[in-house]
Structures are given as C-alpha cells and as structure tokens.
Amino acid sequence: MNTLGTLLRFTCFGESHGAGVGGVLDSFPAGIAIDESYVQSRLDRRRPGQSTLTTARNETDRVEILSGVFEGRSTGTPIAFLIRNKDQHSNDYAALRQCFRPSHADYTYQAKYGVRDHRGGGRSSARATAAHVCAGALAQLALREVGIDVLAWTSQIGDISLPPHFAPGSEAEVERSLVRCPDPATAKQMEELVEAVKREGDTIGGVVSGRISGSTLLGLGEPLFGKLQARLAAAMLSINAAKGFEYGDGFAMAARRGSEVADVFYTDASGHVRTHTNHSGGLQGGIANGEDITFRVAFKPVATLLREQATIDVSGQPVTLNPRGRHDPCVLPRAVPIVEAMAALTILDSYLVSRADRL
Amino acid sequence: MNTLGTLLRFTCFGESHGAGVGGVLDSFPAGIAIDESYVQSRLDRRRPGQSTLTTARNETDRVEILSGVFEGRSTGTPIAFLIRNKDQHSNDYAALRQCFRPSHADYTYQAKYGVRDHRGGGRSSARATAAHVCAGALAQLALREVGIDVLAWTSQIGDISLPPHFAPGSEAEVERSLVRCPDPATAKQMEELVEAVKREGDTIGGVVSGRISGSTLLGLGEPLFGKLQARLAAAMLSINAAKGFEYGDGFAMAARRGSEVADVFYTDASGHVRTHTNHSGGLQGGIANGEDITFRVAFKPVATLLREQATIDVSGQPVTLNPRGRHDPCVLPRAVPIVEAMAALTILDSYLVSRADRL
Amino acid sequence: MNTLGTLLRFTCFGESHGAGVGGVLDSFPAGIAIDESYVQSRLDRRRPGQSTLTTARNETDRVEILSGVFEGRSTGTPIAFLIRNKDQHSNDYAALRQCFRPSHADYTYQAKYGVRDHRGGGRSSARATAAHVCAGALAQLALREVGIDVLAWTSQIGDISLPPHFAPGSEAEVERSLVRCPDPATAKQMEELVEAVKREGDTIGGVVSGRISGSTLLGLGEPLFGKLQARLAAAMLSINAAKGFEYGDGFAMAARRGSEVADVFYTDASGHVRTHTNHSGGLQGGIANGEDITFRVAFKPVATLLREQATIDVSGQPVTLNPRGRHDPCVLPRAVPIVEAMAALTILDSYLVSRADRL
Amino acid sequence: MNTLGTLLRFTCFGESHGAGVGGVLDSFPAGIAIDESYVQSRLDRRRPGQSTLTTARNETDRVEILSGVFEGRSTGTPIAFLIRNKDQHSNDYAALRQCFRPSHADYTYQAKYGVRDHRGGGRSSARATAAHVCAGALAQLALREVGIDVLAWTSQIGDISLPPHFAPGSEAEVERSLVRCPDPATAKQMEELVEAVKREGDTIGGVVSGRISGSTLLGLGEPLFGKLQARLAAAMLSINAAKGFEYGDGFAMAARRGSEVADVFYTDASGHVRTHTNHSGGLQGGIANGEDITFRVAFKPVATLLREQATIDVSGQPVTLNPRGRHDPCVLPRAVPIVEAMAALTILDSYLVSRADRL
C-alpha cells in the first residue's frame, strides 16, 4: 500500500539506511516542462540541518530522475526518481536492533512482519517523505499550468499559535523564519520555545495550516468516497507524526450553530458564484466550490528524546534507552513542504479524474 | 468514486428521492452467519424520527439482501442490498430546483456535473448513509468472529463535552440517552441544548468518539499510504457534515512535549507487549499496536435551518430560502451508528489485507 | 473482484436463483441521455428462449434503474440497476446440491469458499452476464456521442467459419440470422449444425468476432499494464465459457514473417495517418492507432449436456448425473451481445482515462 | 497504468535509452529469503546476445535492489530495483526522431502524448520487460515456498510446432536449445528456420506455452472480474508483440463438442478431487481446480526488419526506413522468461488475495 492516487499514482519506496528512497509517479500528464532544479529546491527545503532548530544530519540529498522526462518535458510515461542515502551512520542505531522505542513503529513493524530493518526506523523513518516532496514538486509544476497554488505554513508550535484565520500572502513570508511561521512576532516566540525545549532534551508538537487556491478548483472532488476532504485527510495522515486533520472551521464547528457558519452565496462582479464567508473550507459535499480550500494538520512531538527513556527489548525485558542519533526537537518546519507536497499530489490527481465528469 | 476499500470493497448508490439507496459489499469472507435482523436493527438505529431531537421523517426503512447470502451464510460472492425510498415528499423540494442552499452541495454538484437531482439534495443527502450502516453491520458480523469490537458515542454537542478520556463500557450505556452520550448527566445537558437550539430554528454541531478494540488488531494497517489512521480518516470524512478527524490525543498533541506523551512499553502478566498510556491511540507508524484504537470525528451543525436564509438561485440572483422539509437540529445521535459502520468496514478490510503480510 | 474498470467502474452482483442480478456503474459521465428502452432492448437480445437454438427458459427480464438517472439524463452519480429473477425452477437443481458437474464451477466454488449456492450454478451461472449487457448498453449510449461504434458477430460454430477477414456492414446484418452470423449461407450451415448437435443432446463451441471503430479511438490505451488489448482480453475472458482472445491477426501471426504483416503507414486525402493493412488490429504498443480494433473470442461448448454424465458427489463418490434444466446447445448467439457489452465498457473507461494524457 | 496486481502490486518504469529500467514490488510477503543471484540469473536469461539467434546488443544488465530487503530477507516493505542502461548507442536511433516505423508504437505514442522519446522506441521498447523478469523472479522465490512451479517454453516458431499436448519435464529440458523448445528435434528445425529468416533480413513469429503447477493452486482466482484466466490474459497481453492468449484447449475448443471436452472428476488414491482430462486448463469458473494451469501466448514477428521499409515521417510524408540497430529475428526465446515472470506475478498476487476468502 505504498501507492497513492487514482489516476496520478505515486508509488514510493526506501528505508532510512538502505540504498536510498525514491518513487514512481505514474500517469503524470505529458508535455509539462520539468525543471529539475525546482524539484531539487523543494527537496532542499525539506532537508534537515537547515538551522539549529532541526537535526544536524547533513543529508546532501540529490534527486536523480530516472525516466519519464525527455528533453526537459514529461512524456506521459512513469517518472521514476531516486535519492541515494549518504550520511547513514548505521552504527548509531545498533542498539535499536534489540529494543522497541516508545511511540515509534519499531514494535508494530516487528509484530506485523516478523522482521524489520531497525536502522533509523527503516521504512517508518520520516526519511521516506523525501520522496513525497519530489513527487509533490512535480505535481506543483503541473498545477501551475492550470492556475492552482498550494501553500502551507506553521500555525502552531506548543501553546504558541497564529490567530485562527491568519493567512500568509506568499511563500516568501513563510520562508523568512526558521519555523516557517509567516508572522514574524509569532515566529520569534516559536523559535524561542523550540530552543528551550531542545535544551531540555525534549520535543514539541504543532500544527501546519494549508491553503489551496485557484478558480479551476471548482468541481474537483468525487462523491461519495472520493470526497476531496477524505483524500486530503488520507494524504496528510500518511505523514509521519500527523495526528489529526480538519478542513474549514474543523473541530471548532462542533461548538457552533448552523446560523453562525452558513456560507452565504452571492454573485460577484464577474458573474462567478462566491461565498461571503468560508467556514466550509472551500468544500461542500466533498466537492470544491472555488473558494480557497483550507485545512490544518496536527503533528505530535517527535518521539525520540535526547534523554534516557524506559522501554523494553525485543524479548520483552525492561531496558533503558540512551539518547542516540540526531533528531529534530520539532518537526514543524520540515513538515511544511511535506504537507504542500501531499496536497499537490492529491489535487492534481483530483484534477485529472474530474476531466471525466462529462463527455 | 463510490467504492471504498482494498479487498473488502463497498460500493454504494442511490439518491434521497429516487427509487432507493443500497450497496454491494464485495470480497466479504465466505461462511459468516448473516443475521438479517441484526442488519435491520443497525439500520433502525440510524433512522430519523426516533425522538423529538431528530427529524420527523418516518422512514420505515427495510433492507432487502439481494445476493451473496445462501441459507443464512455468506458465500464469498458480492452481497448486494437495497433500501427502497418510501416517504419521499418530493414536492417539499420543488423550490430547491431553482436555488442553491448555503453550505449544501447543491451548487457544487451543479457546477461539477451540469445536472443534479435537486430533490432533498439527491446523492449528497445523508440518506445515502443508510447503505453505509447496512454494509457496516455486515462487517461487524465478521469482526465479531475475530474478537474485534467497534463502539462510538457522542462526546460533544455544542459547548457541552464529556471529559477527554471518558469511555463507555458498552453500547447499552450509549443507547440509554437520546443523544447517545454515555454519561447520563452530560446527556441530559446535551438534550436540553438540542431542544433549545431546535426551538430557535437553529442547529448545532458536535463530536463523535470511537473506539476499536481486540487483541487481533495487532499488526493491522499498511505502510505508507495504507496507514490505518489514513484509512479511518478517509472513511470518516466521507460522512456528511464531518469536518475533522483525529486519533489518540489528536490536535491536543500539538501543544504537548514528547516527554509527556511517550507511550512506554511493558510486558504484561500474560507476556503481551502493552503500553502504560495510549496517547498514540493504538496506532504507531500507521500500524495497530494492540491497544484500543481511539479517534474522534467533528461534525458541523446541519446546514438546513428552520429559518429564512438568504441565498442565490441557479441564475445567480439573490433569493430568500423559506424553511421546508424536516431536518434534525443535530446530527450527532444519528452519526454514531454511521461512524461505527465506517470503522467496521475499514477495519475488516485491513484485517483481510493484513493476512498477506507473510506467507 | 466483481468490479471492472479504472474510472468507469462496473460492479456486479447476483446469483442465478437468488433475488436477482444487477450492477452499479460508477463514474459514468453526467448529462448523457439515458434511453431505458434501449437498455431493455439490449437485455432482450441476450435473453434465452429467442429461438429453438437457445434454451427454453422464458426469462422475461425487466431491468429497473435504481439511481443515477434524473429526468432522462445521467447525473454523474452511480447508476444502479436490478433485474429480478423470475423463472427460477430451483427444484430442477436440487440434485446439484450433492454433486459437482464436470467442467462447471461447482467444485471450484466449493473448494474456494467452503459453501456455495448450488442452484443453477449460483454466481457462476451465465445469468450474471445479464447485468453486463445492461451496463454495456449504458456505455454504448455514451460512446455514440463520441462517434465510437462496437459490433460483434458469430464467426465460427464448430467447424463452420466465416472467411478470416469477413466483416459485416451493420448490426442489421448480424441480426438477420438466429446464430448472429452475418453471412446468410454460413449462418444457415451453422443453424443446421446446432440443430444436429442439439438432437444428440450435445453442445458445440465457436468464436465471436468483434470490431470497434471510430476516429476518436486514436490514442486510447495506457502503457504498460493498461494496454488496450490487455484490458479487452481481461474483459472478454471474464465471460462464461470464453477460452481465448486474440486481436488483429492473432495466433495466425505466429506463423507469419515480419515482412508479411507490417502495417505500412500513409497519409490519406484528409491528412490523417492511416495504415494500408490492419494486421495489428488497430493497436500498436497497446494504444489505438485509429484503425478498427478487431478481435476474436473463443467459446467452449456448453458444459451441461442433455445426456447422462459420470461425475462425483460432494463426498467424492462416483455418481451419474441425469440431464436436467434447460440449456443452450450453443452459447454463441447469446454471447454476441455480451461481447459487445464488455467491449463498450472497456472502451468507454479507456476513453475517460485518456483524457488525462495531457493538461 | 504501469502498475499490475491487486495486493502484490508491481509498478515499473523506464525507457530503452534513458537512465535505466526498474520497478517497485509492493506488498511482497515478509520473511522470504531473497537470493539476489537468482534474480540476476533470471535477468541474464532474458538478455539479448545469448546466441546468434538473438540480437548482438551486449546488455550486461545488473540489477540493484534498492529497498525492501534486509539481511537477505524481504521485510514486507516495497522492493525497488534498478537496472541501469549501458549499451545505448542512441545515435543509432537519430533517424527515428523524424519517422514512424511500421507496426511499432512510434505513431501511437506521438498521437497520444504529443511527445515521445524516440530512442529505441523509448517506453514501448521490449527493454522494459527486463524489469518484469526481475519482479517475476522475486515472485518465484515466494511461490517456491508454497509449492507452486511456473514453467514456459517455445512451442511454435513459424510453421514448426510441438504436438498439442507436449509438455517438458523441467526447465533443464527447455534450456538445452537456443530457441527454448524442449524437444531437441523440433528445436533444431526451429533454429534452422530462424537462421534462414535472419539471412533474409526478415523476422518470424511463434507461440510460448506455459504451465503452472502445485496443489496449492486449488481455489485461486476471483469471480467475476478477477477470474484467473482474465488476469493471466491481461498480464500476457501486456508483453510486447503478444497477439493472443488461450488457456486449456483454447481456440481449438470452438470446434469441439461438449461431450468431447468434459473434464470428468474422480477421487484419487489420496482422496483428492482430480479430473481425468484437462481440457479446462486447470480453471473452472475462473478458479483453479488444482490441475495444471496451461496456457499459450501468440507472438507476432518482430516489426523491425533488416531491410528497407516504406513509411511516413512525422509530417506525414513518405520516407524509406533503412535498417538500423540490432534486433532479434525472433522474440520467442527471450519471451519465455518474460512469460514465466508475468505468470509468477499473477499467481502470487492471486495467492495472497485468496487468503481473504474465509476468516
């Protein structure tokens, strides 16, 4: 089940400390200009070691496109790509062969398969999402051509949050802080919190907000089991450490009255149907109404602490886990490009599928 | 995209005011005793008109199983079933032909398909979920045989909530209140709130909590794009009015530190690996660790109000929508069996898929 | 696995002697005029009892469309339909409960599932294909709108064959003989052969030829595992009694030289790329080149004889099977509309999928 | 659509003259010993340049496994592999940029996608099947553990054929001739024919026969659209140059009577249900009955001739194609391992799916 999508299908592979990670993006439309440096730049954005806030691993990841692109354009055939693992330090993980880390997937992989690559979490490592980012970058190149824009940003770390409907104007605003929070004052508080948490050998959770815009969104999404919110949720909850997904006003709507959250329609000056408010988050009945699609993804704190932790070994005996490896105190900054990638893949697939709505 | 699942595939059909709604459940395991009265009883539980809190429509729904069951047992072939529509009152909806109701799917269906069955929302009506409940009941009959239990309950309506980790002991506790909240005192407050909202012609949102239990859960879920939380989220967010999904501690984890939410392993008296806490909600790396799978689904308030509402007609002109039809002031009580059904379908599919993990 | 297709998905259900057979056709394009009498007429064409050459069962099948059609047009939502079983004579099949008929699926269903509906073969009965014909008729209504035509005919029964490249001009030519062979002289010989075989209580096999035409075929088919010949072969070999599939010159090409079967390109008067010959059967590299797609499907003789047959019972003991029920001496005439239906479903799906080839 | 399979999913990629070809095999069961030298040996068997009968391209293909294998065992995670292209001679193909070769896929890819990698046929090259062979080899490693054996051989080249029911005892018998025909006398005739055809700059077609055996086959195959013959046909007809598929007595059954081809059941000494004959080719109602599954695949002669050929260029003007590149006069010997690979992938997928038949 390492394939996502109906028409545009992204299949990924790879372990944290194997030969590499990569993917195959199938049924990508032909004729799209493929700017490999753009793909690499998206990958660089996910890279650890960008600041003191993220892990010191210096993954100088290089993506190699293996197929599906000819003379700078997509050919309609599968685009495969490979990112070789380099900075592996497998020995750092030798102790993990014999134990199950708390709130990690060591135990569940072992229970499910009877075998696991323990090095750095193997397949369950967030390292796998490097492939997602590359595939998402390709999807973004296609979405640009139909005027659809995807943007994500950090809206909460710990107890520090942006106001509910804060929305950045551009990626540049997001990129100007290390935590990828577009409000400078909030970003500064977040950075201080992450530094404090890091000093304690601890980690902290947060929320990434996302927005998908473009008038060509109108009509995307398939009833009943291809509702766009269901596809987005599945895509987001396949990201490591994601714990929740909401769209529009989300969980806050549970406490609201119908009269408060009705998105009243009107016709704008150019004759388009619009809504005065967007509590719906751009989706009604699972189908995009043309307003911005807005959503939020909750991330738990990283499970690996730079502290001693009690756990059990593979024979079930209690052991003490000593801090090892290099880990982020907070995944949020690096989660931002991954959320964007998953959104782009989901929307492009939906865009292609919706072409069959009518003859 | 009206099919859900990988091996166990549920395909549904039907409009609110057409001939009926129904479904086909394919690759259901052979040899399961099919108690049709159980399926009917689950359907009855979703039925409107059960109390003054829910709509007065008296849908005396009867499910007819059309195939796949022989002499009381499943045969491994598709189980099709049909629930004919009876109490249709299509004329109630004549006004809807010409207008788009706010926060409904009238406009998006029209924009997507260029045609729509306007009567009662057509395919976008919550009526469609009657089929989900029947399919889910069949799935529950199979899950029982492998010791997996699914339970859902109302944990929030408006600003009235159960405490965070409140969990009922049994379905009987859930069923003893009209709102399906297992704590009698909280249930009473919720009922009063719903009555008050109804008197105002308004509606109110809420949250359904769910729990899946059973030691055979261990190992279910498929990396990376078949993570059990991703499948559950997609299933839940395909329910009408659902706005968010979280599992384990969910969005609350965004504000927590890693040291606070680590689920520390231990070996229990019978030698099983367990965790002292369950912030993870039973899922680690997308795979069940054998603890209860816990999740929550947010529902928005019903969009149809018993008040006048401003909107536009199909030509884009402003019109006033007069209250018509019979609608719930709060979907929560009826959402409970739907959430259970979607959980059961997801888990049984995952159970069947996971059999291929090893030869 | 009772679903066929990638975007246009046909899910079918039903047993020979249960409540009925039917299907759900999902992602059918919206806005297509649905002539229900056309669907019924296609179903009538598959009906047994049309002549002395086919079984005397008088299945007065009526198809009821349950959803997805509103005021005569498809709405883009699933089109479900049901054909209730009427002329069941289940008692005719009582003896089959205890035995496995030779070259039937009684034994394999029992071995696979541990349970089976023995009446008339249950799910394995050709009765199931009534649903295929209805779904195919719907597909043909859509294909007409894009100028694609599907035609099938009987080209061989026993040792009587049409010449290799014989092709009828119209369905009317096919329909004028009981065996659906478009050449009157050959048809007469075939009818005599079937009558003779029937008198002996025996059955006989044959071949159905098919042709799909239309300039909009150009570009349909998906490399590498969605090659159009692979999709057509899978669709055809899911028909009861089908034993082989070939396209273009098929098996005859095994004996030919490359220089004999090269389809040389030229540009026609209107500037279209054409081929002088069509050994390729309209498909090159799995993709339609715009020439007619031609194929042939081999059918074995019906396994049920009107003679005593030796077999075993469910406990493995030898028994003699007495002739029972009413069966065709030759499936070919009734296979023709089924082949057309499967072709139409396959091509419409491919047509919809191919819209995503380019942005 | 470069993914094959329901649970075991093989996704492939790559062009003839790009960076390489490869694939991802997902949901491969965990814990299988992966002998990489076996995979390489299967790949070597498909390699061109093995004899004067096949092309002189010296593809010293090396397969690199990139993921999913840890310490010699499969881990249940995707097994990705890459075969880099080496001996590319892209310049040989410069002329092809401007023309469409007869009976090749140059024109259809151009028409479909508006762009193509012309070098050596790009994605449509038989080179892509190197990936199939590797994936098939992995599948064979798993099938061995459940006692299922797959064998294919050349049964016809041009007008020289093995007798209808000739079946080799072992792979060694197949391998002892260059044409992979297990009967030495027939093989010699075939070799002489291929040499003669080659001298004339021509090519020749043929048939590969296949056999799948093992008592654990009983019950594999899914009604109605997952019938094993449908899956096998689709797999085989996705191989380059394949023109037809038949199983059991196949097309020959069209000329037979039911009384001649009934496979009469009996109970063997060990109490197993068997059939005296196997006209059914091991499949009844789409499900394996435990007898050998037998099938045949027709291959057309290679389209590239070492002669001048008339065709058109990309602007539609007539041109003469001069012989270029290095091509097989007959694909049959190299098709044998590809047929085996496709059979192994299909059967292992079916084996895994069938585990869900009963709880």
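As written, the chain order gives the labels A, B, C and D, with residue 1 at the start of each chain.
The working rule: a contact is a pair of C-beta atoms (placed from the backbone, for glycine too) under 8 Å apart; a residue touches a chain by one contact, two chains touch by 3 or more.
All values derive from a computational prediction rather than experimental measurement.
When every chain is reduced to the mean of its CA atoms, the largest separation from chain A belongs to C. Chain centres here are Cα averages; for chain A and chain D they lie 39 Å apart. Each chain gets a centre from the mean of its Cα atoms; for chain B and chain D, those two points are 46 Å apart. If each chain is reduced to the centroid of its CA atoms, chain A and chain B end up 26 Å from each other. Across the assembly, chain B contributes residues 1-3, 6, 12, 27, 30-31, 76-77, 109, 112-114, 123, 222-223, 353, 357-358 that each touch 2 or more other chains. Taken together, the touching pairs cover every possible pairing of the chains. Only residues 1-3, 9, 11-15, 18-22, 24, 26-27, 30-31, 64-68, 70, 73-80, 82, 109, 112-117, 122-123 of chain D touch chain A when the two sit together in their complex.
Considering their complex, residues 1-4, 6, 12, 100, 102-105, 107-109, 111-114, 123-124, 128, 156-159, 197, 202-207, 218-219, 221-227, 229-231, 233-238, 240, 242-251, 253-267, 271, 273, 275, 279-281, 283-290, 298-305, 307, 309-312, 316-318, 353-354, 357-358 of chain A touch chain B. Across the interface of their complex, chain D is touched by residues 6-8, 27, 29-32, 76-77, 142, 145-146, 222-223, 352-353, 355-359 of chain B.
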